[in-house]
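Chain nomenclature is as follows: A, B, C and D, assigned in order of appearance, with residue numbering initiated at 1 for each chain independently.
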Amino acid sequence: MAENGTPTLGIGMVGYSFMGAAHSHAWRNAVSFFELPVVPQRVVIGGRNADAARATAQKFGWGEVESDWRALIARDDVDLVDVCTPGDTHAEIAIAALEAGKHVLCEKPLANTVAEAESMTQAAATARERGVRSMVGFTYRRVPAIVLARRLVAEGRIGQVRHVRAQYLQDWLNDPAAPMSWRLEKDRAGSGALGDIGAHVVDLTQYITGEPITGVAAMMETFVPRRPLPGDGSGVATLGGHVTGDDVPMGDVTVDDAAVFLARFGGGALATFEATRYATGRKNAIRIEINGSEGALAFDFEDMNVLHFYDATEDAQTAGFRRILVTEPEHPFVAAWWPPGHLLGYEHGFTHQMVDLVNAIADGRDPEPSFADGLRVQRVLAAVEHSAAKDSAWTEIPQ
Amino acid sequence: MAENGTPTLGIGMVGYSFMGAAHSHAWRNAVSFFELPVVPQRVVIGGRNADAARATAQKFGWGEVESDWRALIARDDVDLVDVCTPGDTHAEIAIAALEAGKHVLCEKPLANTVAEAESMTQAAATARERGVRSMVGFTYRRVPAIVLARRLVAEGRIGQVRHVRAQYLQDWLNDPAAPMSWRLEKDRAGSGALGDIGAHVVDLTQYITGEPITGVAAMMETFVPRRPLPGDGSGVATLGGHVTGDDVPMGDVTVDDAAVFLARFGGGALATFEATRYATGRKNAIRIEINGSEGALAFDFEDMNVLHFYDATEDAQTAGFRRILVTEPEHPFVAAWWPPGHLLGYEHGFTHQMVDLVNAIADGRDPEPSFADGLRVQRVLAAVEHSAAKDSAWTEIPQ
Amino acid sequence: MAENGTPTLGIGMVGYSFMGAAHSHAWRNAVSFFELPVVPQRVVIGGRNADAARATAQKFGWGEVESDWRALIARDDVDLVDVCTPGDTHAEIAIAALEAGKHVLCEKPLANTVAEAESMTQAAATARERGVRSMVGFTYRRVPAIVLARRLVAEGRIGQVRHVRAQYLQDWLNDPAAPMSWRLEKDRAGSGALGDIGAHVVDLTQYITGEPITGVAAMMETFVPRRPLPGDGSGVATLGGHVTGDDVPMGDVTVDDAAVFLARFGGGALATFEATRYATGRKNAIRIEINGSEGALAFDFEDMNVLHFYDATEDAQTAGFRRILVTEPEHPFVAAWWPPGHLLGYEHGFTHQMVDLVNAIADGRDPEPSFADGLRVQRVLAAVEHSAAKDSAWTEIPQ
Amino acid sequence: MAENGTPTLGIGMVGYSFMGAAHSHAWRNAVSFFELPVVPQRVVIGGRNADAARATAQKFGWGEVESDWRALIARDDVDLVDVCTPGDTHAEIAIAALEAGKHVLCEKPLANTVAEAESMTQAAATARERGVRSMVGFTYRRVPAIVLARRLVAEGRIGQVRHVRAQYLQDWLNDPAAPMSWRLEKDRAGSGALGDIGAHVVDLTQYITGEPITGVAAMMETFVPRRPLPGDGSGVATLGGHVTGDDVPMGDVTVDDAAVFLARFGGGALATFEATRYATGRKNAIRIEINGSEGALAFDFEDMNVLHFYDATEDAQTAGFRRILVTEPEHPFVAAWWPPGHLLGYEHGFTHQMVDLVNAIADGRDPEPSFADGLRVQRVLAAVEHSAAKDSAWTEIPQ
């Protein structure tokens, strides 16, 4: 029980770097800004590097540090396991946690392969029968403008969806001197731009339209096939930091730098997709445009508090894309924060995710996106890789 | 009579440079793109520099050249005199034409002083009794987005007007080596940024709101008080062209480089105005924003085919400024041109002006803006100069 | 010889509707606003409907009307034949004109089939040996912002091109009650959105990058397969105008409503393309983005006076997409028009096209885009249709 | 000492509502995301309403609650007093804290009158001699784009400042049924839009330009002079919530709804200012534009991660406003947060404020903005009220 008598939910988080900070902050803010039926407690943080984990624990007020994730799962005071590690470890940790009867929040992508994702989805289904909940962390679903987009589509405000164009554009690999990192190794990361960022727009477009992607035709490319290894040659580097010089040892980039694909949605819409880390000038441009028979939507994460909405049923004289500043109390999640016009940032999506997850657990409902949703994304990514390897041949997605 | 039996209207134009080209092109396009009850004929062009006038005549298909404007007015085949000369000559030419029974289109500003403008307005009133029409050339009133703005205000779509902010921003005088020109001499130009460009936003805001400006508090400034005389020291230079060097003879700038003022509108709205040729990065930014109790409008000439409209009565969830691309056939003047999304440019406003003028003459109606409208603008400009000279003291505008 | 002693170029134009008006206006403005070494004369206009042709002649000052295009070509006073008819007639007229020793300007698309385009390109090559010039009318190449984009790429300002995303989005067919027209019949139009508007972005991206498209993978779709026939059941309707009711006779739409495709450029760039008439809210959105290793460009025709340019070599602190208002005298074609910030419109591209064509003829140079350029576009369109018919299979473009 | 041996700084905060939440969150995040030489501890929160204070304490992890602010100040474990109460209480609390040797962070506006602000500034100067630091909470100074703007001006990138236009636009009072609140009572709030939001743009423009405002000419207006009292007629209501009905008791609005003024900066620039809560469609639009002889800047808080910068020394062909996305590690404060393109929100400015304050205290430096800066703003506000009461007469600001 929390101080005020509200029941608690013990959180054990595995992972401590970028995502670990984002999740820590979100667990904390969920309590500070929202009224929750159950109070999440930051019980324990786990990670191979105990010093790094301890530093994160201290900065964000985690109670304890545990270097062995199995021990973390086994703790009685842990009710929910939050998996923030690289994708190649997701399946093992998440399945173990579910089997131990712990709710699981697993960062995206759900896994590095369809097979792993299937096992996890199976484990989630089994656990669910015992009231154990699971969720995959496609946090961009909780950006208020995205939720509003989904709501407008569901209310029929844009009619039948005919066109989707979705891009996730970054440029941090444009410099050929940017070093190798685990994100550029197929073994660790599964894929490159496709899985890391393309996965988000695959999930978001399916979420907003409420329709599955049914097939793809794809191309992939690695523009810079070899990159300098970071300082100690370990092949593990953080984002940023340039390595130059003649004698620098080089490593092979084994993932895609960029992926483009055509797609068809369940309702018949035509789509173009693009994911790249070489789109100079675009830093984190998640751009989604949807045209329907009754209206249209446009979103760009680089202006993330805004949704553009065109109502095709309006009088021609005053019709036009509306720049909706999604900061009104009537908008999703916003009433808990600041007055209108006071913008939210990147990290707020994580807080909203925790809020929805906690509410679902308290209500005995399944939260969304589910592991099955994560599997659905994984199957699209696999079809993209298959098509790209087969001269862009049309590849159906198993539903 | 024109070839097809339609009656004709003989045009005599005085002036041949920038405005002469714009008007010539507009008279021609009015015939090409619009159905007119009377066909304007480019009969004769007049100007002191006969060679320059002849060149314009040849390029734009004027029938004859006349170096004496009095002779031009006297011609039987001239039904309308189009005055495109600098402001210090407007009164004399326009009054003579009106007295000769010729319709008059007079470029803005109507005159360089209130006294001249009053004489002209008086002459227009007298001529009107004989069916002679007059119009002052505030062409920006005929930009489709501006007409749409006026229409939305008139229909009550923004309710009671509470705030107006209007700017006309250019930067072509920012370079201190830009040479003297007649536009920088008080005797020729009347005033500087105030009369040349400020006059437009004074007229436009009164036109769009349908309310007069009732008082002002102002500041004016000349940032660069002396400028190099152009090549021959004549003090007459065209736009552009830089003059540098140590021994360059210099001339005194006797007009304002910039003017800013507060204003009150008839309905009680508060307003800020600004006119300057030193707003680096802004090239021809006529920017007008109006907030009313029911909605708001925003316009920028640098994106002139667009009107932004906010409907405050809409549901909060989907309210937002609509970016109306004013290129639909339902929009003012647009049906005569191209399909939706095919933009119009600066010069189209002139064509629309000629169309409205010709239609008014054919219908026996008075065209707008009238000389009285021009006088109203002149009085605001005079009040601005008075206030600026009196430590920004509040200065009422005689109505 | 013109009045002022300059040699003349007799123009004979075939066609008189939308494109006829645009070309007429452009021939006239080329003379009015530019200094030309040869003065184009609007000698004769031809078209099957003599009344319609006569109306255009009168509005735009063409000397004569000729109902038989063969007679028009045969005239001694015609030096250049301007072909503004639908695509299925281009080959016959253009080849006849070239064989008669007349320069030819042919509207896009060059033809409805690759075979026709090849014949025309062959005819152009033969004629060229006799000093006869030919040009295909991809007028968007002459929008100043597009020319500037091309120039920046050629100067190496964006480095190696890695990503192209190009869309031509309209929405005028979104209404299922919009009637049939020749543009929706394969026999007359060749293809639908693909050839009508997709052709433009295929040409523009090849022009700006200076690289050919080497292969494609495509999808095409017809969303509304049957539409009401216009009033008299003739199957010929103009744009706009809705037909409704139960007993309305319906016709089959035999072209694509939308086409999307992936492409590879000669230098290795990945591209996505889209052409549609169902993108609600987008009226004439020619949108092109290019990311290179040193910088990036972005353009949208709905804001056609602007080019966005990102310089990736700038200091990170002040790097950002620059909104270049392409209205400075230093910008292509602009010095002939108005001062900075006074926008140009859709039709100016046509005038620039005529200016470049006349200058090339006078200088004895081949103008661009050539018929060979038109053929190149046609081959891409054919490959798109082939791929779309073969489950998006990768289809190489013969170079 | 904190757990890791770093010295600590005990914080006592007075106030617990909107600003209390923002400050609580900021003190916490300063520790989580930045490396600080001294660790702020959330020791005690004070406020008249003990239950409300206790709720904030619980949500944000404050150690204790103290209902008497004098007792809070007297505590040995409080090193810094953070004043988040309404403006009429600032002087008393802040002066008492300074006299007790406690560092003070005081929310803006510094006070409700110049006299109070002078006393506070005097108290700060006295305390400073004993090493006690003070700061006024103009948090928008810590928005990264604003810091970058200041930096570019200081580096001479825009040259001599000639034009400033600054607006703070909201619309939450547009509805006449919005109820009375302490913000609309002169006794409590000092002034209306002027002091609440106008104060921010006065401070920001002086900060960015590095120049003081030297004189003003002003107008003020109260559009809706009477408003319904909230439920219990106490005259105290929170933001939002509408009250309607015939018999609703009404209260007098005794502050301005809007203020506009002209101003002159120390270096000679002309400025227009506007603060209003009736700008329909604008939610929290802090808009600042500055034009200098070498360049220009533009900022809008509704797109707060962006700074627009125009470099007038660039080649005309590629000059244009750059949209700088201020999310690079090279930008102020950003390296502590997320990767490029991951936006920051409203609350981050508060965290940055705490970071700068803590660093200044640790370094023995005076933080900025000082109480003297707050006094300078207060004097401008007083001059605006004076000018507005005197028919906009020019009113000098004592420096």
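Heads up, the rule we're going with is that a contact is a pair of C-beta atoms (placed from the backbone, for glycine too) under 8 Å apart; a residue touches a chain by one contact, two chains touch by 3 or more.
Here is each chain with its UniProt name: A, B, C, D = Gfo/Idh/MocA family oxidoreductase.
Predicted model only: the values in this text are computed from it and were never measured.
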item: Longest centre-to-centre distance from chain D, chain (CA-based); value: C
item: A-D compared against B-D, more contacting pairs; value: B-D
item: Whole-Å gap between the CA centroids of chain A and chain D; value: 35
item: Length of the line joining the C-alpha centres of chain B and chain D, rounded to whole Å; value: 42
item: Junction residues of chain B - those touching two or more other chains; value: 282, 319-321, 325, 328-329
item: Of all residues in chain D, those that touch chain B in their complex; value: 158, 162-163, 165, 167, 169, 171, 174, 217-219, 221, 223, 258, 260-262, 264, 268, 270-274, 276, 278-282, 291-296, 310, 312, 319-321, 391-394
item: Complex contact set, residues of chain C against chain B; value: 3-4, 18, 21-22, 24-25, 28-29, 31-33, 58-61, 170, 172, 239-240, 282-285, 301-305, 325, 327-329, 338-348
item: Touching residues on chain A, where the partner in the complex is chain B; value: 148, 152, 157, 309, 311, 315-325, 328-331
